Amino acid sequence: MKAKAAMPSGSARGVLVWGLQAFSGVLLVAGIGLHWLAQHLVVEGGLRDYSQVVSYLREPLVLALETSFLVVVTTHALLGLRAILMDLGPTKRVERLLNLGLGLAGIGAVVYGIELTLELVR
Amino acid sequence: MGARGRLDGMNGRVKSAPYVIVIGAGSTGAAIAHDLTQRGIRVEVIDRGGVASGTTGHNQGQLHSGARYAASDPESARECMAENRILRKIMSGGLEWNGGLFVGWTEEHMAYLRTFLDACGTCGIPAREISSTETLRLEPRLNARILAAVEVPDAVFDPYRFCLSFLATAQQAGALLRTFTEVVDLDPSQGRVTVECHRTGKRENLGADLVVNATGPWTGRVAALAGARVDVEASAGVCVTVGERVSNRVLNVLAPPADGDIIVPLRRTSILGTTSWPVADPDGIPVPDDHIEEILDMAESMVPGVRASGLRGVMASARPLLVLPGAGGRAASRKFSCIDHAPEGVDGLISIVGGKTTTARAMAEKAADLVCARFGWTAECRTQDMPLLSPRLGVSL
Amino acid sequence: MWFRAEGSVGRWGFMLHRLTGLALSLYLGVHLVLLNQLRAGPGAWDAFVRLMRSPLILALDALLLGAAAFHGFNGLRLTLLGLGWAVRWQKVMLWASVVLAAACTVWVGARMICG
Amino acid sequence: MPDAGHALALAAPRGLAVSRPVQLHIRRTGRWADYRVEVREGASVLEALEEAWRLDHSLLFRHSCHHGSCGTCGMRINGREALACLTPVAQAARGGRPVRLEPLRNFPLLGDLLVETQQVAAGIEAVGLPIVRDADRPDGHPAEGSPPEQYENCIECGLCVSACPVVGSDRQFTGPAVLAAGGRVAEERRAPDGLAAMTQVSGEHGVWRCHGAFECSEVCPAEVDPAALILGLRGGVFRRSMAGGRK
């Protein structure tokens, strides 16, 4: 591969989408492990009761971690769905709608999650 | 029906470009289609099967320098060399141009060396004697006991793509290609070609000002549909392919042409061949097991271990040999001839008999000259210098 | 269609990756919606937690974990492959993902049953 | 006089050769048809198909070289993409079962086993892959002067395109054959412009849509290993983009 040459044009979106999917995926392998250990395995009976949840979330580090986790997992899931939907060969128009819909869904999920958390720790 | 672009009146003045139907989408038919279209004649190529599904497809793939025929048939040899030079120009980037070696490892081969070199010299074929050490350095898989080798400008072609190159160029210039369309009746004097389209199952009458019969070993059979006669001998041959490329150059035995004396590298395989025996029916030639063994034995003596590469494919097909008095099989000529059937009362039919893929362009030139003469169409052959399109652009339907 | 019950192990790996991905996305949605129960206060949430500790749900949890583990391990494989690395080892890595995922499922399942 | 000997051998009835009865179960346009033929032991599926054709010239299929070099006889044999010429009948009809023949998927069907694969050749031409490449050098073969050349390994048969599950659902996907050619261009010194080829196949419907099912490499009859070329190409494009981004 000729290292000096410029990056192929037209590949920017592909690089971005694939790179983001892979990067978020690798983070998730670590993150899911952590989330799952923290939320379910170290807890007696596998699920925290209400007071445990609230006190857990009041830790600032936990709050930050769980919020980023939500962002990453949502991104990864929606990019995955997008890949499957793109395989159905959408037209340019449908593809734009798809990007818009999935983007909104992602923002919605993250906003919902943050709002819920804030309500609980308040 | 109704012929397209028929002659205007009796005096032969042409109103619009003549319409010619070429039967056969092998190397000859493809090259003729290319030549005629370049001369401004309208062409339709029809074939009962796909492109190169007959003799051409089952080719061993050796693009001759002519060295093989130098001693026995100098005329064919010169023709091969001339075409070899032309194809280097017009099919650039589409062939394996690694050259060929004639290798000798017996006293008999050595005795032939001088004759061979002289004959190549006479025919203008560049032939260079190289030491056994250098030969083995070039082709390490060769029999280590070789005594001498001669390097000649042989090459390798992919028969299917050889045809597609000519067809793609012709198609771009307006030629039509109609495969899976079988001629069932032929009345050239009425300009009528009755075909059965195997895709639709329908019979149809096609009109043409002239029909060119380029069907190789089937030439006699197709001519007979029109009541014409062609003497062509179908000489069957078997090729055996092994799953390894044992050399980069075409390997020939340094001896007069015989069975199983050639190894042609093609992609990651080597094609070993061939044999020769007359057959009555060019369709469905059986593959005799002893031929496979014989070919493998011969190849093994040239390249020890070739057998171990494993059989990949076996094919049998018939070469069309021009019948000349007193010669047959290997002794038969690889010359060709263009026959106008008008003198025997079948007007509007021309048959091409004999020849080989290496000289397909030259055959096409002669055939097209004859076609043009028939119409009083004055157009020079341009195929000697005209680069061919990539075979990938050919639409093989 | 991308899903057909045929083909080589590579194709099965691809299909399994997609199916587990779809299942996990579905779970993510359900999970977020169920967390809404927290708004209803301690009583409702703790009742919900008791419901979630039923054996059937726990078994589903173990399966889900298996799916996540496979998707994760195979995802790492796909990341390597996507960079053009270790392509020759794709089958080995695929089987490794399957084995590791199965091991995770069994381990967690055992923990759940044994308390 | 070997020629005379062969003539005698041929004069013997064909039945004398060891032959094997085969049943071909062929997906023809809109229906299934069965053909019973006899072929020599060691024959390929293609030879059996040609025997069937001798009984019925309306049977549509392509063939040319009979040794896996032209790439025209690709079809699905017992559900799997293969070249008919390289598939022994003995293997396809193991246990005397009928040999099921279907056309390749993901190409326009012209009738019976005949599909139009020209898009593969045209796509490969468009990415600028030369037809010949430097020859693979056997061990101990010194490189000097201009190296020997050989045809590209890819025979443009389309088996990979038929087997790829992504092409199966998305026709906009460039497909494994052309992507692999792009990968070859990127690594091939004879290529006129590797970057142009990479640009052409690195759009959203190009190299990124490969999801690593590896079916292309499983069915490839020419040892091209399209999956490795595609993934290598993607890695190259990705790394190059990352490097470009850091500047």
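In this document, chain identifiers A, B, C and D correspond to the written order of the chains, with residue numbering beginning at 1 in each.
Keep in mind that, in the parts below, a contact is a pair of C-beta atoms (placed from the backbone, for glycine too) under 8 Å apart; a residue touches a chain by one contact, two chains touch by 3 or more.
Fair warning: this is a prediction, and the values are worked out from it, not measured in the lab.
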Please state whether B-D or C-D has more C-beta contact pairs across its interface.
-> B-D
Hey, how far is the Cα centre of subunit B from the one of subunit D, in Å?
-> 24
Whole-Å gap between the CA centroids of subunit A and subunit B | 63
If you average the Cα atoms of subunit B and of subunit C to get two centres, how far apart are those centres in Å?
-> 61
The distance between the C-alpha centres of subunit C and subunit D, rounded to whole Å, is 37
So subunit A residues touching two or more other chains come to 18, 87
Residues of subunit B touching at least two other chains = none
For subunit C, residues that touch 2 or more chains besides their own = 2, 18, 78, 82
Pairs of chains in contact (touch as defined earlier), listed by label | A-C, A-D, B-D, C-D
Inside the complex, what are the residues of subunit C that reach subunit D?
-> 1-4, 6-8, 10-11, 13-15, 17-18, 78, 81-85, 87-88, 90
In their shared complex, subunit C is touched by residues of subunit A numbered 18, 22, 25-26, 28-29, 32, 36, 41, 45-51, 53, 73-74, 77-78, 80-81, 84, 87, 109, 112-113, 116, 119-120
Interfacial residue positions of subunit B with respect to subunit D in the complex | 48-53, 56-59, 61, 93-98, 137, 140-141, 158-161, 180, 182, 196, 198-199, 201, 236, 239, 241, 245, 248-249, 258-259, 265-269, 271, 275-279, 283-284, 286-291, 294, 311-315, 328-330, 390-397
Residue set of subunit A touching subunit D in the complex reads 1-3, 5-15, 17-19, 83, 86-89
Quick one: in the complex, what on subunit D touches subunit B?
-> 2-3, 6-7, 9-10, 14, 17-18, 40, 42-44, 47, 50-51, 54, 57-60, 62-72, 85-86, 110-111, 114, 116, 118, 121-122, 124-125, 130-132, 135-136, 138, 140-142, 148-153, 155-156, 222-223
